[in-house]
């Protein structure tokens, strides 16, 4: 079956890519968790592996030997259905299993999966493996953002890799793309993989709107800072204003003002701000305040989806004005995988697009990413709209 | 001008009604703040008065004498534009100004306002007074819900008034109202008063849906409790599940299980649960979990607005699935009154309808109420929808 | 029996004095609890009454009718032995029972006690009543300090009474009293009332020491402030330094710097600092840091007790260097009254003396008061010693 | 000079011993900090090294090259005098400097120190080096207790070393040693090394007392548990009772009840409780409650010091009833080393003796260890006294 070949290769490549991301790390970098939102790289390596063991190998590979009975407790993330687990905030307190042991675990599971995929692959199994692969790709992105947080909050500001380019320049003219009012179709179609939260293609009515062909740049964001944006309460939501003051925010995450000049920590180390690069590591609160200050607004996720053929995207996850809610007719999958998306559909904002940290073949124009509005550690960005 | 007469009467009636609500209280009941979301009744009395003084009398009544310069500090709620204020959590720590002094303040301001309204009233002034009146009506509702919280969390469970009926029976057959897919118009129209967040009447596309003619009753909700609803994680959002466990929730607010029977605290004191009355004092989290358990869902605020002519509403504020977001073309008012609605448009859910505590002439079918999804202390309720 | 007459009069006078202290209050002042260490005056009135009802009337007065069964729950402070109680932090959330109801409760219990004391009084009963009276006297002091906190933290800074003089001047020459090394006797002797923590008179060996005849004054303390004492970490304990920085302390409690001049809130309202009055409302941390800065130290409680005949005391509770620990042979009383002192003998510091708020006949030279080292709301002060 | 030889050898042995303690660790074990009281082993290695660099090499070795300018920030513990530092709670968030880099740092500093000590050594330098060595020995003990916490709180319960014997049996008859009342001398004498807090030998008066020749055993402590000791509030201090309930304590740290039998985690892994071994990993709160339950008490540190020649000690740090306070005539050293002891003299309890984790030549009969009363992670124990 040709399907086997593809999924098997896709699986092997994805597993390898995860390990490539970790190659520049010291053993110590795999272990720490400086804030609760960040997980230790070692945990990502183990968790993505446990996912295949728990949801696939235990059921589909006859005679499969579980690598270590205790690992389900250590590497379950939030699946209530499949049992107890280490509290998220404690992931960085665990020195064991060691990094070497986790790599052995990966080898054990990858090998067993490859054995499984070398035979005939049913549609049901294929679909589960596909979810497992995309799940691991999501963690590849988190690996990069968590590694950046771990190194970027270390007083020594170590370099991850000189080869990681974060800042594609946007050196072209800003324009407004006009979309006329009318009924449009939203959501995934076709047989390619997508998550349950993109399904249920449906009609929406959009008013006339315009949307920028460019992301907001560091240079433009600096004007906002210099104009006193972080000190002007009427630009901010009430909760955002509390956040700015309690956390004493004055700039995006990783920005440092040194002797009157702005620098940013990047995966290449501490560098001067590049004025033409799109701003990143801003919260929704900051994205909204910037738009208020400019007299514009953020697009909704529907406006973004309809207009996206007309602009280049994929450098930054883009905050939208939309809350993360179910589409009409949304239904959760049965069993543990039903916990994947639906239970987060409250108090979060939708982001659209993708980022420099997003793996190959992972995002698409109907992909709905979501985070709490105060979070900055992703490679987030901002595109303006107006009515 | 006939307009004067109306607004003047409307003003006087509203001011009187606020004081009527407080008539059954002991002095001590005016002072306490058992949780940060609840304000002392004394504070509501002062704050609604300060609103007229600050935004109208200081500007429009020549020679007006401010009652007490310190009161702006004590009775400002959240208007950053007009200066510093007592931190919300400290409102219940203030024994002074005394209740008598606050009533003197009310008399002083009501008198000055009546004097102002006895003359010619410009459109601009009229509109400001109208906002002030509706602002006070909002606080009338909060007064009742805060008084209920203050008394209902006292171990002596005192009665507020035997005359306050909370529980209109819904003793009629449940039916589903069907609405066909299509383009509908949402938002306020006409010249009657409304808030800025209802403006910008606009088209939306709705899919086919059905909505119940009845609210969910105590009897139905009791089945959810008895079936283990509060112990079944897959019915809840992830944040909701944390809330249930941290707060050890097992029933709506004010419910007490005594010797195997369910009672609820009402403004008439502790009473047995009335099975035919609509359930109330539930959070959005609970409303959502109930709907999941039934296999249905909550309506969006748009579905509610279009279907509302076909059902009776007004007994409970009804949680919707919609997040509180700006309508297309929403713009904030200038100055301090621009802080009224827009800055809360993140992390909150829309409620539609009105409740037994809502004052006369205060709500309407386009009214958008909003609260954080964990709050229970309003007279909230739940209506089911399905696709 | 002559004993009856004395104890009966002592009881009646004490009960009256409590109510006199509250006479200047507004109803609202009885209710609030701005920090957890402060109790609402209403609560003190009820608690001291409940103490007589619970520990005496229920047992010793045949046919006594409990005033209200719910009050044990509301007015128990910390007696685990006698049942559940309102959590301390919630005392200020209770508007009921009303102040009037609490005064009725006092009248009911005072009357019953007077009836009981009009008959023959056994030694056992006499001793219990004596404890009850001294317990109420302790609460009289707390009433004054809590009232000061309630009014002194109100932005309107209301006056309690023009008649309350807090600041006896110490306008005489500072001298050092020399005590030679040797064995001394510590602890209560004689048949007068004392608490269990003063009992077990025993020998201690003291080294040669000197102790000041005067308390440190506001003028002297101001020099410490002006010399940068609050910014000089080596004067402070490590925990004290954290406290100074987290709480941003720069002066004693109730001091306000207004246009470059120092004022203090007193029970007479806001007044200029009196340079010759003894400093007050300082924590142990501040007392210690001041002594370090001067090159001296605080006395131990034993040094204080031996030297006290040679100096005037009673204006300020005086922090000592001694931790609050049991004397040799200390044993707790049986039953609920055994919870009175012993269970607090960890992490607290001993204070000796008495203050302007201490009731008549309440303190004595062996009296051991105790508070956590960070607390400032008592009328505390500071006397220096040196070796 | 013979003095050089001794101190040089003592230095080299001590440095080596620290590294021997860490030899069984995986790299990952060096990095984590599961609670704020525990420091990562990597940090101990660096901090003890920085101590020699900062206080000795920078001043005494001409031409010394600082290994890395950033390390002062990373490895300063609490010396305010010498500059800013990583907040204690963040030590476990630092993956860099790597373990290898820290060992290079050790080698660099050890080599420079050996060079310095190979020449003539002044008295001043000798005394500083001696403090540095004893400082490192204190951290050797902390290394063992912190490693135990790191491994003992890991769900995999890994073994540190099969060779570490924690539990010397106390298989001999319990006896009471009687000490008559009188004046005794307390504190260090002679020219051997001691800390400043042991100095100022002075007289104290002790009452008649008796003290046990044995530590309380696991078997005896188990009787306390089985009799309901953790559920009986009158045995506990008020703060201790809150601690028991908030932390849900039911046994010493590291005890696990599995299928009705008690096990303990030790550095050799999970083992059954040894009934004849002295109980360990108890807080002062637990030691006190046990003594209350037995009808005895804890000794004071003075009683312990006078009676110690008559019993074997050194297996457990023994909680005393004494608060950690300065001896008469105590004076802090000048400069940064003055921060060593004095600033902790509030809210802590004295422990006497030493433990299985205490390095050779480190403790002595006048040594005063001190911890907060709730801490359990040291090898603490309990000896009874009575009057």
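By written order: A, B, C and D. Residues from 1 in each chain.
To be clear about the criterion, a contact is a pair of C-beta atoms (placed from the backbone, for glycine too) under 8 Å apart; a residue touches a chain by one contact, two chains touch by 3 or more.
In UniProt terms, the chains line up like this: A, B, C, D = Ergothioneine biosynthesis protein EgtB.
This structure is a prediction, so every number in the text was calculated from the model and none was measured.
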Fraction-based call for chain D against chain A, same above half, different below: same
Distance between the centres, which are taken as Cα means, of chain B and chain A, whole angstrom: 37
Centroid spacing, where centroids are CA-atom means, of chain B and chain C in whole angstrom: 45
Rounded Å distance between chain B and chain D, as computed from the means of their C-alpha atoms: 58
Every chain pair meeting the contact rule: A-B, A-D, B-C, C-D
Touch list for chain B against partner chain C, complex: 26-34, 42, 70, 73-74, 86, 90, 92-99, 150-151, 153-156, 158
Partner chain B, residues of chain A touching it in the complex: 78, 80-81, 181, 183, 202-205, 207, 233-234, 236-241, 284-285, 288, 297, 321-323, 325-326, 328-329, 338-339, 343-347, 373, 387
